[in-house]
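Pasting a structure here, questions to come.
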Amino acid sequence: MPEIEFRSDVTVELVRSSASDSDVLFAARVSTQGEQTLEAAQDGHDATSRDRGLINYLMRDRHGSPFEHNSMTFYVQAPIFVFREFMRHRMASYNEESGRYRELRPVFYVPSDDRNLVQVGKPGAYDFLPGTPEQTALVRDETVRASTQAFEAYQRMLDAGVAREVARIVLPLNIYSSMYVTVNARSLMNFLSLRTKREGSQFPSFPQREIEMCAEKMEDVWQTLMPLTHEAFQSKGRVAP
Amino acid sequence: MPEIEFRSDVTVELVRSSASDSDVLFAARVSTQGEQTLEAAQDGHDATSRDRGLINYLMRDRHGSPFEHNSMTFYVQAPIFVFREFMRHRMASYNEESGRYRELRPVFYVPSDDRNLVQVGKPGAYDFLPGTPEQTALVRDETVRASTQAFEAYQRMLDAGVAREVARIVLPLNIYSSMYVTVNARSLMNFLSLRTKREGSQFPSFPQREIEMCAEKMEDVWQTLMPLTHEAFQSKGRVAP
Amino acid sequence: MPEIEFRSDVTVELVRSSASDSDVLFAARVSTQGEQTLEAAQDGHDATSRDRGLINYLMRDRHGSPFEHNSMTFYVQAPIFVFREFMRHRMASYNEESGRYRELRPVFYVPSDDRNLVQVGKPGAYDFLPGTPEQTALVRDETVRASTQAFEAYQRMLDAGVAREVARIVLPLNIYSSMYVTVNARSLMNFLSLRTKREGSQFPSFPQREIEMCAEKMEDVWQTLMPLTHEAFQSKGRVAP
Amino acid sequence: MPEIEFRSDVTVELVRSSASDSDVLFAARVSTQGEQTLEAAQDGHDATSRDRGLINYLMRDRHGSPFEHNSMTFYVQAPIFVFREFMRHRMASYNEESGRYRELRPVFYVPSDDRNLVQVGKPGAYDFLPGTPEQTALVRDETVRASTQAFEAYQRMLDAGVAREVARIVLPLNIYSSMYVTVNARSLMNFLSLRTKREGSQFPSFPQREIEMCAEKMEDVWQTLMPLTHEAFQSKGRVAP
């Protein structure tokens, strides 16, 4: 049996992208300048304060479509319970590793020692606090044991000739999977608005920490590709257009 | 600890619907008759052979939009590995039971004795054959044991005050969940075309048996609501418009 | 030639619906109560203050999916320039009268005498003021004449045996068309947030008056079907979840 | 008044793209190889016969999602009656020139002399034949006259200080507009399957010639970017996955 591996992180890598603030500007200017925009688009162009103003205006007035003419493909590794939440976002393209087509590798998520473990507050406004040392140890021990037992059961079924799609059903939600996900900036802003924490906002959100870890890494990448758009998103309270 | 339950089925119940063949007909006739259709729509109307012809024509020429002006809400109970595939279909609305907001009940899927267990053939054309008695017993034993061990770990963490969203990560993919799913006939046909078996077709599909069980039950309901549309779908090789 | 008709209104009629606040509540409670919700859903149920609180919470925290399990089909008559804007909303189903399949009727939109005609202010914050009597008369005269000339050209081409799909290209954007449009409450809220005027809001919008007339009529109908949802939408600044 | 221009063509220019057959292959291989695919994706890679086989298999079994991880942005100039059909395709991103934000230029579509003008056959199976010389001349004359009259009315209203959004309502459907449109290969295949002629097919389609002219130009571009995907689409009867 392959050796079982435990991790506490998620990884996000940019595979390919065609995304820049100037794509937003050119798309927006089709509305106002029509056929003159193409030439400008092909000439290349540096952002000016007028550009910043236009992007801020689009964000504030919720003109969302100019933020769609771009594309970012990420390769994400995370436990299945994160992917379950991720794939509820329908304005993205997904291809995930399949337990029907391949034997899954024994890599499991275990919360890191600084992951908050205790939930307080009422539904819709939960807060999470650090666990005691006993709780932290318990979570680690139970997670390691349950993952190991499940993987051994999976392996015994495979060894006996049982189909992968059947054997996998005993695997737990903390097993890692990987996927290609492609989004545009508008759909990414929607994702970020819901999957990063916004306490005290007019429209608060309370994501599970592990999907927020993915969201933060995607945001870091996106911010370098489209700094003006990111800045406008931030300044308008992180409400997606 | 609550008693652990094992099941081998999925359930599909129609919660609410506004779906009939006449909705398709009226929507299609807006194209050709404009304002005269509304009165007819409100009068009620029995399907005629001319209606059947129109629906067949829409299906054949892939005029899909008339099949969208209707709605069916189902309540589905199935294991999580089924929901994982289900929610890849983006043209539907979902609300699923949440392991963050409630303690999950110990109900687990175990393959029935007549579930095929052995996979043969090459990728893209897998076939599944019955397991030996030994394989069948092994699958049952491993599934029962792994589910029980996982649920006990979950319970111990909850008992120690660990947050539900953390404790649940050890639960396996065969635990049952439930959801509301709302679709229209066009999106349902797309789902059925991909999640029911079509061997030997020009566009074959090879769904995992458990999601096909859901699809079959949904199709049974839909067929009684929209018989002419179902008949046309069937006669055109089950390719969605 | 048929007599030419001029109108200054739009019409919106509810053809069919399956939409109530209780659908929102049941969908939301699947998350927290799982299998216990179905029975309640089938029993029927009157909204309570606890229900109002739940709907407000969903709206505030932008839990949008519970607002999707419902359906409203409208029959809309409006000029083509309104439908051009309408159909940019992609989360709806459309079937429109086709100028390829039928001869179009000579019904044209002409602005009413109280339609504001003069635009002031800068891009992104236009305001509209009443026209002078001369402007009002000019708009009416030009619109009537141009519509009549265009329809006569259309008619002469049809009379000469030219295909409808070719002859129609000379018809103006103010000719009326009709369509079936099906939406759910979430997609309707998105439409309303963008197509009704919200000056002075954090996220202002400046729709053209004629599509706003459609939006207002749809909102009137929706408000009677889902009063609690409408109230929550209103109280949260008309930002769609 | 600016000089009125008449054209009989449409233009399609590729503004930006991130689209290649290898994107399809890597996305598909995530399913079967998981984490090993990323390295290969970043190494670059030439298509082999094994690659061709995989793409054909994906197309045949309607595994559509691997065809979504790419992006093409086109700048299209065409008359409004073409854009009306185009924007019914909801799986694309659009930004069109706005008659509210700018004064429209007097460029109008007039059918070329070899455009078929006479429709024969029954609904759902129309065929189009050449017009007589008289019909051809009539179409040209009526189109030129109606376009000119409409644009003059538009201009008179603007000159009198009427808002652009009001004055434009008299403009005809054959006036040119321009847009940015962004699609991925899957959504483009869907568009092509419905907007290029497929007589005698199991699923025939009968698009209006002018949108087919757009579709053909988009297909030419796409074919050079993703030759294996195009070949597979073609060989499977042009039914989109």
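When the chains are written out, they are named A, B, C and D in that same order, and each has its own residue count from 1.
What we mean here is this: a residue touches a chain if its C-beta (ideal position, glycine included) is under 8 Å from a C-beta of that chain, and two chains touch if they have at least 3 such contacts.
According to UniProt, the chain labels map to these proteins: A, B, C, D = Flavin-dependent thymidylate synthase.
What you see is a predicted model; the values in this text were computed from it and never measured.
Think of it this way: of C-D, B-D or A-D, only one pair shares over half of the B-C contact pairs by residue number, and it is A-D. Among the pairs A-C and A-B, the greater number of C-beta contacts is found at A-B.
If each chain is reduced to the centroid of its CA atoms, chain A and chain B end up 26 Å from each other.
Work out the mean CA point of chain A and of chain C, and you get 34 Å between them.
In chain D, the positions touching at least two other chains are 32, 65, 88, 94, 101, 123.
Of all residues in chain B, those touching chain D in their complex are 32, 57, 60-62, 65, 88, 123-124, 193-194, 202-206, 236-237, 239. Residues 13, 15-18, 23, 26-28, 30-35, 37-38, 41-42, 65-66, 68-71, 73, 75, 77, 93-98, 101-102, 105, 177-180, 182, 184 of chain A are the ones touching chain D in the complex. Contacts from chain B toward chain A in the complex involve residues 79-81, 83-84, 87-88, 90-91, 94, 100-101, 109, 111, 115-119, 123, 128, 131, 134-135, 138-139, 142-143, 145-147, 149-150, 153, 156-157, 160-174, 208.
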